[in-house]
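Each chain gets a letter, A, B, C and D, in the order it is written, and its residues are counted from 1.
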Amino acid sequence: MKAATSVRVAAVGCGYWGPNVIRNLDAVPGFELCCVCDVDPQRLRPVAARYPAARSTTDIEDIYNDSAVDAIYLSTPVSTHYALVRRALESGKHVLVEKPLATTVDEAEDLARLAAVNKRTLMVGHTFVFSPPVRKIKELIDAGLIGPIYYVETTRVNLGLFQKDVSVLWDLGPHDLSILNYWLDEVPVQVSSRGRSFHDEALEDVAFMTLEFPSGILAQVQLSWLAPSKLRRTSIVGRQRMVVYDDLEPVEKIKVYDRGIDRQPASFGEFQLTYRSGDILSPHLDTTEPLFTECAHFLECIQSGREPDTSPRTGVDIVRVLQAAERSLRFDGAPQLVYDDVAAIERTP
Amino acid sequence: MKAATSVRVAAVGCGYWGPNVIRNLDAVPGFELCCVCDVDPQRLRPVAARYPAARSTTDIEDIYNDSAVDAIYLSTPVSTHYALVRRALESGKHVLVEKPLATTVDEAEDLARLAAVNKRTLMVGHTFVFSPPVRKIKELIDAGLIGPIYYVETTRVNLGLFQKDVSVLWDLGPHDLSILNYWLDEVPVQVSSRGRSFHDEALEDVAFMTLEFPSGILAQVQLSWLAPSKLRRTSIVGRQRMVVYDDLEPVEKIKVYDRGIDRQPASFGEFQLTYRSGDILSPHLDTTEPLFTECAHFLECIQSGREPDTSPRTGVDIVRVLQAAERSLRFDGAPQLVYDDVAAIERTP
Amino acid sequence: MKAATSVRVAAVGCGYWGPNVIRNLDAVPGFELCCVCDVDPQRLRPVAARYPAARSTTDIEDIYNDSAVDAIYLSTPVSTHYALVRRALESGKHVLVEKPLATTVDEAEDLARLAAVNKRTLMVGHTFVFSPPVRKIKELIDAGLIGPIYYVETTRVNLGLFQKDVSVLWDLGPHDLSILNYWLDEVPVQVSSRGRSFHDEALEDVAFMTLEFPSGILAQVQLSWLAPSKLRRTSIVGRQRMVVYDDLEPVEKIKVYDRGIDRQPASFGEFQLTYRSGDILSPHLDTTEPLFTECAHFLECIQSGREPDTSPRTGVDIVRVLQAAERSLRFDGAPQLVYDDVAAIERTP
Amino acid sequence: MKAATSVRVAAVGCGYWGPNVIRNLDAVPGFELCCVCDVDPQRLRPVAARYPAARSTTDIEDIYNDSAVDAIYLSTPVSTHYALVRRALESGKHVLVEKPLATTVDEAEDLARLAAVNKRTLMVGHTFVFSPPVRKIKELIDAGLIGPIYYVETTRVNLGLFQKDVSVLWDLGPHDLSILNYWLDEVPVQVSSRGRSFHDEALEDVAFMTLEFPSGILAQVQLSWLAPSKLRRTSIVGRQRMVVYDDLEPVEKIKVYDRGIDRQPASFGEFQLTYRSGDILSPHLDTTEPLFTECAHFLECIQSGREPDTSPRTGVDIVRVLQAAERSLRFDGAPQLVYDDVAAIERTP
């Protein structure tokens, strides 16, 4: 039973990821899945059969034009994001769009502006921000348990699946950039990146990225579709504690190491380093599906008007970093400023 | 019983690493450990007690001046390498010196030249080149089992031990550079590096390095003294097979993945990628101590006159890469050519 | 499109396991899922909605009485097996019933006899026998790669899920017993078992079992619902090779160790043992869902009349071992013969 | 510099384990290593060379007869224990003897009695009792963190090394029995054991043992010299928490799982089980060598007259369990009482 105040949501895109989105939209109390849409009738059919209460259509214009639809979740190819989100916002809908927000900073900023002007919720589907281990680490950081962070290293590699329209940088990179943005609450100043296209003429299938943050934090990101075994491993090294986050571990996804190095004054202005080694804690994590939390957060933002954790601002920033990394790739790894002018950096939250 | 034709070898430096060297020199049949030396009598004493047949001295000049000494193994601080190796070669001794060969390319080249002129064996103690897993991977590469290599990624991190005279780049970096040099048989064209000194004003304790080789191979190296847990992990990704080498695994140090991606022509000039996934093999490795193999190789090179696997040429090349990486570090990660001129690259073996 | 010769199958039981069964029956070409059944309308409803082409009923008699139904897959509580299978066979249906076949040897034998008399396929759902790693190990054994087997050790533990009608012995035990039966092709002669009920007055939640096979093979089985972490680990130790099968490993579920001990004659009638240590191989496994293979095998047996790999004979034997283990539990671990008379042992295939 | 009150200790046995003992005796302040002994001059020579301050002898009578020797550490074959310990105690020496104390209960009790009469410290080298992870788990148990213990499961297997004079039960079994005795502070009431000699006519190379303790705790022990990979893994399952102790883990040897099952009354006298799943903690362990702690404890017991943690009583109990397990082995696994009469059980501390 949906309450009279249910938010009516349409799901667009029934490809690889779409069915997961639809299952979760359907499961969030307060959402009413009113419509499912895909240009391909073959992809649409099984979904329509499974959710008989939702109207099905191959024409997204039906959704834009239906004033009873409050919100749209777009799971469509990256290249379509800008046009579809724009039309949705113009039609007065709230929008949740898969990552990345758009393919250029200009387009991303245009969408952010439009959402603000139209007073609609615009949220980007950076799903990892809603995953229990990523949120638990955010808690640890905010509680000061890690201490000032020195550096973050992250590895996101596997064999395949090659994308046809985006490189590994634009495919896997948004995950790490959104996680870093969420944890560190700042946007990199500078990025350098190297990559290579071993199996495709144009699109990199392996890329390395080094990011420098305003606070001095360094981050290293390794992305590959060409790796012998799947790895999803991130180390966060702080002054007080160090964290290893391995998303493939079935149980102990996070380990908090009470380890560090203390620098103590010795005689004659010299310093002495002492190593500290304590317990290792693997905190219990709740098992809510990140996509459910994301959908519930979308609903809450629509209803309360609050800014989503994966706001348009975040979406723009991530596209900005990807664009700078792309430039660095073109210039053999030469470091690139993320913002062109200092003023812009100062505007960074 | 040592044969009349034994090579008389002196060991200089009885610090952290020295006793391991001495134990192995003593164990190699054909070497006669004739002398042990350290400037610090306290470090020298227990070693002298353990090898009563070897003369002990705190003055290295005794060794240079003793015409009965054929060879010297130097395990002394990096800053002393140039002067000590030079004197040793001038005294007509064969020399094995710990890595890196010297602290500048000019000095390293000077030593290489001197060894050639004096017709003495000069070898650098890049010990990993003599370790069973590294040699087994070399065999796999040379046998064509890996196929053309795409990229190599290596992680060498732990908590401590901070060095006082060299950064993590110069301390841990030579290991990966010598392994890459041995496997790939080529010298990087270009390097970019980022790093940071979190616990020391001057010396980086964390550094990332990206290397580009003439053949197009990309390598990524991660070095840190500030990591929650020790990692020694290298992935080699080739067209035919992929290898993971984890030096901390007690048994399965190498895993060979019969995996890859095949690119097949599809209609209309398009290509289709298919994923190949076969067995995983962990080859049996012999358990000879790398340092023993290294010492035995030193002896063999002295006796046969052959070029060591870790030749002066290799030693110079590694210092050259380190120096270029150091420049990149100073310029915020800007990529640096390893050789200043194209001619030099072409001279590369 | 189903061919005119499709075998019409009914699925009875829509609880925890039932929906998986139904999904696979529906997916096997040649089966026509004609009916779904559960006594509980609430469990039945979502299944019925998902498979609109299948008739749904809460009364199993509808199925027995429907002459168009060829076969029944029963996923109902253990205590119902005997009565339901009996009625199904009497109605002329082929039957696949979840493990164990029945709760006593007498009942199990009665069912086996009835199936033979009625010339119907009766198969037991010992699903692990159809899993890729278990089948791969069978191949290795049959090819002689393991050599004569010495012993098997298996651990199947986790936290929960407590069953209300059967002990851990009868719940988890059939998995290991069916796997051992499939691999070794023999029935244990003798079994001893210890267990304890820590959380329930009557039903053991922890049990250990030692099995002795006619060939001299020893097997040790550990079963627990009270373990800190989930383990599914089996070691098979043979004269030529040793195998470790870890069902929780995402990729390397099987490792074949080329290891062993060779006994060589030494002087004076003495023997000397030498240790052999070679490569470790993790063979590639196909990823077909075991339940799909099981359903397809059921179809094939119905159509060809061949004996299922998990035949009534096997089902009876496993109940026989469970019953003997239960007796041993009651007598504080005193070893129990599996067959009461020697003649019975000799009848064992 | 050794104080005037140093305890003068002689080390007997310079085989596989002896040199470790001698190194630690030499390192404990308060002990003066006065003598080293082995019947084999070849084994004695290198030890004697390394410890020139200690007298060396091939005749143990020299030690018995030397009134300046206060204590003896015996690392000799199991079959020699009884005679050598007896002579040592009669000569008025304190004795630490490798495990097991003797080969029969009668002999073990005789030695315990003799030590009591002569007021000498007699200690058994159950070294694991002095290892940091075993002691940490004892602390956790004593602090009530585990809650009442349900069962313990332990696996101690590897490939080789076959012993020539004792079976795997008597070789590896004492480790687990001494650990269980230390943790649980009680002696098993009953034991059953199965084993097999695959490579030797007489001595089992694989053995399983099930132990029942007076408090109702169950323990399962797996011992093998015939296993594909080395395992040293123990699970302790309690009502409040569960512990996994893996001695081969380089860092996280202990993991404490805040997990369990709570039984709550439901309606109509029924009970409901709820699963509890909290953090996992890996406590920091100190890195003192167990053998050093053992030697230091021996010294402390000599000086203070206190009962060693691995007392003669403990030594006798362990031999008693081994002897009962041996009987069970001979009777195909039939359970055996550890004590012959009930009175004896009641005497158990």
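Here are some notes:
As a working rule, a contact is a pair of C-beta atoms (placed from the backbone, for glycine too) under 8 Å apart; a residue touches a chain by one contact, two chains touch by 3 or more.
A quick note: this is a predicted structure, and the numbers were derived from the prediction, not measured.
Contacts with chain B and chain D are shared by A, C.
Comparing B-C with the candidates A-C, A-B or A-D, the pair whose contacts agree for more than half of the residue-numbered pairs is A-D. In this assembly, the chain whose C-alpha centre lies farthest from chain B is C. Look at where the CA atoms of chain B average out and do the same for chain C: the two points lie 54 Å apart. As a whole-number value, the distance joining the C-alpha centres of chain A and chain D reads 54 Å. Spacing of chain C relative to chain D, judged by their CA centroids, is 40 angstrom.
In chain C, the positions touching at least two other chains are 229, 251, 277.
Chain contact summary for the complex, chain C toward chain A: residues 50, 229-230, 248, 250-251. Those residues of chain A that touch chain D in the shared complex are 251-252, 258, 277-284. Those residues of chain B that touch chain A in the complex are listed here as 150-151, 153, 159-160, 162, 190, 192, 194-196, 198-199, 206, 208, 210, 212, 216, 218, 220, 222, 224, 226-229, 235, 237, 242-244, 255, 257, 259, 261, 263, 273, 275, 277, 332-335.
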